[in-house]
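Got some structures for you, see below.
Look for subunit A in each of the two complexes below; its partner is subunit B in the first and subunit C in the second.
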Partner chain A sequence: MLDVSRVQKELVEVAGDKVSGVSIQLLGNSLSHLQGTIDGPSGTPYEGGVFTIDIQLPSSYPFEPPKMRFITKVWHPNISSQNGAICLDILKDQWSPALTLKTALLSLQALLSTPEPKDPQDAVVAEQYLKHNNTFIATARYWTEAFAKRSSIGLHEKIQKIVEMGFSEEAARAALQSSGGDENAALEKLCVG
Partner chain B sequence: MPTKRILCKYFKNGACFKGDACEFSHNWSDPESNVCMYYQSGNCAYGRFCRYEHVKLNRQEGISVGKALPVQTHINLVNREVASSSATPRQGACDVEASQDSRSYAAANIAWKEPSMFSLNAADEQENFPYLPADVGCSVDSASSSATNGAGAVMKYNDPSEEPICALAAAGRCTRGETCPYLHGDVCTMCGKECLHPHRPEEREEHKNQCERNQKRLEALRFSQDIECSICLDKVLSKPTNAERKFGLLSGCDHPFCVSCIRDWRRTSQPQGSGADTVVRCCPVCRVLSYYVVPSVIWYSTPEEKQEIIDGYKARVRDIDCKHFDFGNGKCQFGSSCFYKHAYRDGTTEEIRLRHLGAADGNTVIAKDVRLSDFLGRLHLRR
Partner chain C sequence: MKVKILSWHAVAAWTWDAHDDACGICRMAFDGCCPDCKVPGDDCPLIWGACNHAFHLHCILKWVNSQSPRPHCPMCRREWQFQA
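What follows is the complex of A and B.
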């Protein structure tokens, strides 16, 4: 039996924390299948990206680690570029029941900023990381831009639309940026302010 | 559990209704407990006349006897009440002890309000209990007057420390207040009851110590209320069932868990070959290795308190036969380190003889059980 009260407590804790850049959403009614998101750490090629993680809780959680997998494609030596599988000890044999979903997601954030190429999940990426580091950084940045940026999708069209409504291009860009790419929220902001 | 080792008083007289369900022992070889419970808390009204032993129990035994005594005191009260009141009309020999008994029990009688059980009608008692010895020394005037109205003559005592204090006041409430003919004890500053006998310094000291201990325990319990288990994230002492409201103390560190949570975690089997056998034996928070878990209903705040809890637990289980050892029929993997008793059926304890082997390099090693898996494991590594 899944310890429902503990999972609920963890969800409340994550929902109350707005600064650490991690969040968890429910998928349907079951508590055993969740979806987490983490912000890419700043100062890394993943900066600005929002990464979605699929979380499956086994019935013996928290005595067994949660099963986590990246849904967003990411270019990283310890994360499979094919299926998003993660190589991280605390999600395997070093799991401890004192860890929570939040700490696990924070560990994933830390993993993004400090890759471990000696213990790779994706050999191709690890090799590139070790031998052609510049190429690796460029690829990782490109993947972040292409797959992990919500606001970048159709940004140009949104700006165009707002400009057509009579606002300047700079104001439209700033408003979109501050509202996280949400066209309606940006418009509202422009109308009010 | 521990009261099972004390002979049942009812059984001894052939009158225990509880049969197998009785919490006391029905085995003739077990000893009787004859320890005064009131003395333990420092306010026995009978002083040196008490029929029970005034000896101090250590804390360990105190727990077990504390449970046992209310029942026994109950018998004590009934018997004495009957003896003194029934014997009163016929005997002339004066004896302070008996009258003193009847006076105090008359007082106790008011508190209990069970007239059918504690009828003061001497004739009735005589009919109902004709087998009672009639030669209990007691004076006609003092005892009968005190037994009937409970507020009779004021006795003169040679030694003021012999005078009993009012049992009702000592228990917290005497309705008669100023008009009470009995000596009221001094007020204990901690429990607020009039239970300190003015002329028995050692009992006063005893009571104060007891109160201090209770206070400390209460404080620790209050402090423990807010402590959360790091596994289930619940407050340990707010769990639904009584069995779950216990802390599991780790020997190596000071992180709090429910005893059920930490035991569940230590039982989890980890994937083979990851060297993770030790992972489950480490603290989930700080990963410091702990060899054992000690259950406790309160959490500690100092290392001394922790040690006290651990020592108390070890002393408790040392008397319990190890189920793995099974009186020599089984095998306990903990060997000499086991906290439980390793004794054979005849009562002799297990002796552990370690075998020492001299290795080629001159070192001595202790021989352990040789297992085939050890060799196979090494073989695997070499390949």
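What follows is the complex of A and C.
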């Protein structure tokens, strides 16, 4: 049985904390499926982004770690660029019941600041990190812009839709930008111009 | 006038002698009980590890049993041993 009172206490604690740059939302009535967000740490390619984390609590929580996965696409050696799976020891064998959802989210924030390419989740990203660090930084920054900016939420889908109608991705992005993200206004602009 | 006492409730304050004020596993205060118990007190005792960290007995047993054969203290990660 999930320790409901402990999870409730944790949620109250996180809700009262406005400085750490982490938050947790309920998805429905169930306490076993939550959604967290972390702010990208400043001074990193993730700065300015807000990253959404899917959180599943096993019924034996806190005796087993929470299952966490990035929903927001992120370019990082320890996070799968395909499915958001995370390689972090405290979410696996180094978990302790004294840790909390908040400390786990803070650890993810720390992971964004200090990648561990020697223990990769995404081998392609890890290799780029080690061999072509400038390219890595540029890619990570681009992914933050494209997927993790508040204003870019849904932007990717909108661009895809416009591209499917036969416009180039570049034109779609520019039109959306100049029309403040309004899909219809952007299409009108593209058709006229 | 004669007062006849039909019943009385003894009221006393007590507290466990622990350094922190809440169990690091269930986060309930030490003067409350673990989530599996209804009443704090002798039925839901505190227990200390060799490292001096205290937990509800019921909470640390659940953790130790899920971690055998080499459980560690949830707070300091030293090998867990019950304080003699």
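Everything below uses one rule, namely that the second predicted complex is superposed on the first by the 151 of 193 C-alpha atoms of A that agree within 3 Å, B and C clash if a C-alpha of one lies under 4 Å from a C-alpha of the other, contacts with A are read in each partner's own complex, and residues count from 1 in each chain.
Throughout what follows, a contact is a pair of C-beta atoms (placed from the backbone, for glycine too) under 8 Å apart; a residue touches a chain by one contact, two chains touch by 3 or more.
This one's a predicted model, so the numbers in the text were calculated from it and none came from an experiment.
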Partner chain(s) touched by A:Asp93 [first = subunit B, second = subunit C, both, neither]: first
Which of subunit B and subunit C A:Val192 touches, first, second, both or neither: neither
Partner chain(s) touched by A:Val19 [first = subunit B, second = subunit C, both, neither]: neither
Set of subunit A residues, in rising order, touched by both subunit B and subunit C: 3, 5-6, 9-10, 60, 62-64, 96-98
Footprint of subunit A on subunit C - complex, ascending: 24-28, 35, 59, 62-63, 66, 72, 74-75, 77
Subunit B residues within the subunit A interface of the complex: 230-234, 255, 261, 264-265, 268, 270-271, 274-276, 279, 282-285, 287
Parts of subunit A lying in touch with subunit B, wherever the complex brings them together: 3, 5-6, 9-10, 60, 62-64, 92-94, 96-99
Contacting residues of subunit A [partner subunit C, same complex]: 3-6, 9-10, 60, 62-64, 96-98
